[in-house]
Amino acid sequence: MKKIAVLTSGGDSPAMNAALRAITLSCGYHQLQCVGFYHGYNGLIDDQHVDMQNLNINSALQHGGTILKSARCHSMLSNEGVMQACNTLRKHDIDALIVIGGDGSLKGLQAIKQHWKRQVIGLPGTIDNDLNGTDNTIGFSTAVTTATHAIDKIRDTANAFERVFIVEVMGRHSGHIAFNVGIATGAEAIISFENFSKDQANIKVNEILKAIEKQASTHGSFLIILAENLWPGGAQALKESLNKQGQLNSAMCILGHIQRGGSPTPEDRNLATELGLASVDAILNSKDNIMIGKCSGTVVETTLNDVINTPKQLNTGWVNAHQEQLTYYLK
Amino acid sequence: MKKIAVLTSGGDSPAMNAALRAITLSCGYHQLQCVGFYHGYNGLIDDQHVDMQNLNINSALQHGGTILKSARCHSMLSNEGVMQACNTLRKHDIDALIVIGGDGSLKGLQAIKQHWKRQVIGLPGTIDNDLNGTDNTIGFSTAVTTATHAIDKIRDTANAFERVFIVEVMGRHSGHIAFNVGIATGAEAIISFENFSKDQANIKVNEILKAIEKQASTHGSFLIILAENLWPGGAQALKESLNKQGQLNSAMCILGHIQRGGSPTPEDRNLATELGLASVDAILNSKDNIMIGKCSGTVVETTLNDVINTPKQLNTGWVNAHQEQLTYYLK
Amino acid sequence: MKKIAVLTSGGDSPAMNAALRAITLSCGYHQLQCVGFYHGYNGLIDDQHVDMQNLNINSALQHGGTILKSARCHSMLSNEGVMQACNTLRKHDIDALIVIGGDGSLKGLQAIKQHWKRQVIGLPGTIDNDLNGTDNTIGFSTAVTTATHAIDKIRDTANAFERVFIVEVMGRHSGHIAFNVGIATGAEAIISFENFSKDQANIKVNEILKAIEKQASTHGSFLIILAENLWPGGAQALKESLNKQGQLNSAMCILGHIQRGGSPTPEDRNLATELGLASVDAILNSKDNIMIGKCSGTVVETTLNDVINTPKQLNTGWVNAHQEQLTYYLK
Amino acid sequence: MKKIAVLTSGGDSPAMNAALRAITLSCGYHQLQCVGFYHGYNGLIDDQHVDMQNLNINSALQHGGTILKSARCHSMLSNEGVMQACNTLRKHDIDALIVIGGDGSLKGLQAIKQHWKRQVIGLPGTIDNDLNGTDNTIGFSTAVTTATHAIDKIRDTANAFERVFIVEVMGRHSGHIAFNVGIATGAEAIISFENFSKDQANIKVNEILKAIEKQASTHGSFLIILAENLWPGGAQALKESLNKQGQLNSAMCILGHIQRGGSPTPEDRNLATELGLASVDAILNSKDNIMIGKCSGTVVETTLNDVINTPKQLNTGWVNAHQEQLTYYLK
């Protein structure tokens, strides 16, 4: 009987539990053993493990976070750490390792593959949706939903006060969250990596001030969605620039970690379930060194190397549509 | 300057307002006039209209329902009704008509096309997702989300009582909602058009009773998702059969119209926005007699004829995965 | 060291877990042992117990249901059942028993008190708010909230179709849920025990039909909140009467068990926490044979006898205000 | 026929719309005219008004913000501004003015009363709950609910990472939100005006670090709720102190304006409806110079002077219960 190990790593994302459930149930169906390691790669290094059949896996389906806990693991950046992780895999006689996480976690999986010759499979678990090889990552839908409903509330206040609000959303170094949330909330401006470079900051401030001026004559509020890690000085600096140059009283809000947790959307639960089942199938079919994603409605396998080295593009048609048609009245 | 008419028809679905907003803003951007007709086709027959620029279209983005109201229109089944609708279109010198609705609404659009030679464009607006030519219809994501979160609450009680619950969900004559909700909520059984025919009712009851018996020995609750319009006598009859033959105390709940309303998910808002923009583009590009949908991430045009006459299939891989792997422990 | 037992009984209600958490933490603080019995009184009869310190009690705070499970227990209606429950309490040398539940559960507690001479304390856990001795029961706020947000969704559809909707809500034999939900959702009519007797059914139908007629000329939808267990034949029968006599196409929805579960509101969590702490204090202060509630912002003790034999009245000022001022335009 | 004016002022709070609806419907019932002024006192100064019967007041019931808009009005701090506001009241021959807002808004009402001899009535509309004369202000329940559910999501991530999180909540200069949210979310520490003074900052940091250390050995996450306007340097400074002195990797989140908006809870809608009805009754009963609130379940009138000059105390039993029993294991 094969023995499969699984862990969740890096920033947690909603529906990681749904993936763990699908993997556990599918292992039961195929009569495979399934061992979970806690705290990301740390649990592999320290050998903290659990028989997945012993966890209350069904109850976890509707909850955020991950019952295997997660962590960013600095030890995996050293050769010793990787060797220690491989030793634990050998000690338990593991046949295949499934890692659910983002970019850094999949790099860790590649490092393990260098020293451990059995099967490794990655699943895309990150709210940022910045992984090639899948249309959506596990957790992205929930993060966009949480941010959208939070900003709907801010819009209420912005409308009541006819006020300018800057809302900073997550996304690491890409605008997937910013653009999806911006269009869903009818943001008057979206500032993200795809339509902004740092040396344009002054130009952008002027552009936005002009748009705000036009807006003032029609309906009141003006909402700016700002991607994190983008504007020099962040949302606070943008607010200060707008207020100073435009003599405004704009406000700002950094949504922060509320975007990571919460009960996952059905979209995320179902994606996680499908990819979880597919990862066990892939192991049974002797697949190795791949990440499993879903593109255009179909389960797709991509080599870890291609996932990690090809940056994922945001559909620029989307970007242009927003810029031109939805905010045309600002021009 | 071209003049575009728009209406929402049939069962309302969340994010119809987002589609109306995108159409209105895009018409403004392209300097087209945009007239809305109220109450579905009734407004076309009775000439109840509004200049879309006069509605508070941005505020509608986050709300369910439709600011143009909706209705099922029996008059459209008669030749007189259709002729009267066409007369109104001529009276206002409309160049193109966009209808947002389901199967019946698109048939109405075909009927109009018979007598009115200008452009007609359909957009898929129904919670049931039973329209060919688009992966998801506008409103489907929200309906699945609402049902999922409602059933999460039922699961709490079912777990506390270790009880069998039957929950009937919408879907007209297809299992899109039933299967998506069933997998998202970890339902122990899903009964839908794709895996059930009426003459199997007795076999199905026995099958489920066996599964419930197995379940009783492990973890407590047992959740059955039932598609509407399927079981002879509905959820009540299924409950009575289970309780009688299995000497159970199962309970049932018909989710009903809560599945139609509510603030739309970002998925629905963004789909509606993209299709709304694409419908105005299509008019500018002289397209006619089509429905605009989104398949595999791409905007797609399908002739109304193909949309209406080709039933949409549910991915049976999905169905089988649920049946076999996720509930294997019941067998 | 004292030893306290706790159980949750009858229909589960949100924030029962918050009460269990407060009791467990307070026992720890006061260095008391705390034993939980599963499945309501059944666990007492069958001796299914757990050391509360071993449960993941903090994680339960935000979730519906009850980690001790619940049940209605028919054995408690017999003398044998009660004696068996008392035997288990003696076997474990329990000093005090806390029961969280509704009317029937507190009657069970009285029965135990007849045969077991140590301390018994009740906490009001039911969504129906039909217990004397407390302004609100634990779970009532969440049930009203869930029903309100569900009906907000139905209102979207009702507005889009300008349609009459009947929504049946829980409440057992009182109108606490019906009136609180009815006013919160702006219902055009509320039909409950406080303003209806069965022999008035025909009069009521005529009254509502007149109001619907008036409404039709102003803004569209007409929402009727109906208390369960009230109308002969239920919501379905009311719908049929309205549709037949008024030639309407009204729709109906029975909210059902979604009202029992779900993440508790902060009001319910905080009430449950305060009453949970107070129940341990009461035990330390040698209190016995009481239910602990909160009235006018103050923790209050009421004898079990007074709780059970005095029906709780709904504030009729509330009722009249709705009837007269909020729906005056219908008259 | 009497003529009543109404406006919403200061920071908007959820269910201001419900109060406006109740006032409008009650005026209709009593055949009084009802005029709304926009943008708080600014609308009074600039004479921007609307006949309340012309607004879609029923639809506003379930939405956040205020359909009369709101503003903080600096002109009211000058004699000229106040005189201009009074002139507008005279110009429209207003008999009574109802203002829904917080502390500053009620001071504005007092200023008007100095120069305008007709009736003035205040309603408590602020999320901060810092007004004497009412147990809860309109909007408080919703703010606590929004913050609680947001922090539930942060708890998911905190648990997954076994991490320390500081969450800053609103409240102006009182701990009503901080303590209600802190207990509802099971926060391990609450830092607010009631249990902290600025010169204790170093002591508090040490105290918390000790508690975190104890916590580390049991279950993972540690949540600190911090009241705004309290800690020198805010949540960021507290985070830096903890991380530096405790060599931690704690994170922080400022919830900000999401706490002001959103669909109001039924508690807020029903409080606002009751107080709105009571304010019209008070006018008919020749009451003047009062704020109407609800204490211990009863509608209560308090002179504006007493509301403004008596600070509202937080129940310290609540505070102590949290400090001692719920976090006992941290000591």
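Each chain carries a letter (A, B, C and D) given by its place in the written order, and its residues are counted from 1.
We take it that a contact is a pair of C-beta atoms (placed from the backbone, for glycine too) under 8 Å apart; a residue touches a chain by one contact, two chains touch by 3 or more.
These numbers come from a predicted model, not from an experiment.
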item: Chain of greatest Cα-centre distance to chain A; value: C
item: Where chain A and chain C are represented by their mean Cα positions, the distance between them in whole Å; value: 40
item: Chain centre separation (chain B, chain C; CA means) in Å; value: 34
item: Interchain centroid distance [CA atoms averaged], chain C/chain D, Å; value: 28
item: Where chain D touches two or more other chains at once, by residue number; value: 63, 152, 155, 159
item: Overall pattern in which the protein chains touch one another (line/ring/star/complete/other); value: ring
item: In contact (per the touch rule at the top): chain pairs; value: A-B, A-D, B-C, C-D
item: Complex contact set, residues of chain C against chain B; value: 8, 12, 14, 39, 63-66, 69-71, 146, 150-157, 159-162, 165, 220, 251-258, 260-262
item: Residue ranges of chain D in contact with chain C within the complex; value: 21-22, 25-26, 28-29, 56, 58-59, 61-62, 135, 141, 144-145, 148-149, 152, 155, 159, 180-181, 183-186, 219, 263, 265-267, 269-270, 273-274, 277, 296-297, 315, 318, 321, 324-326, 328-329
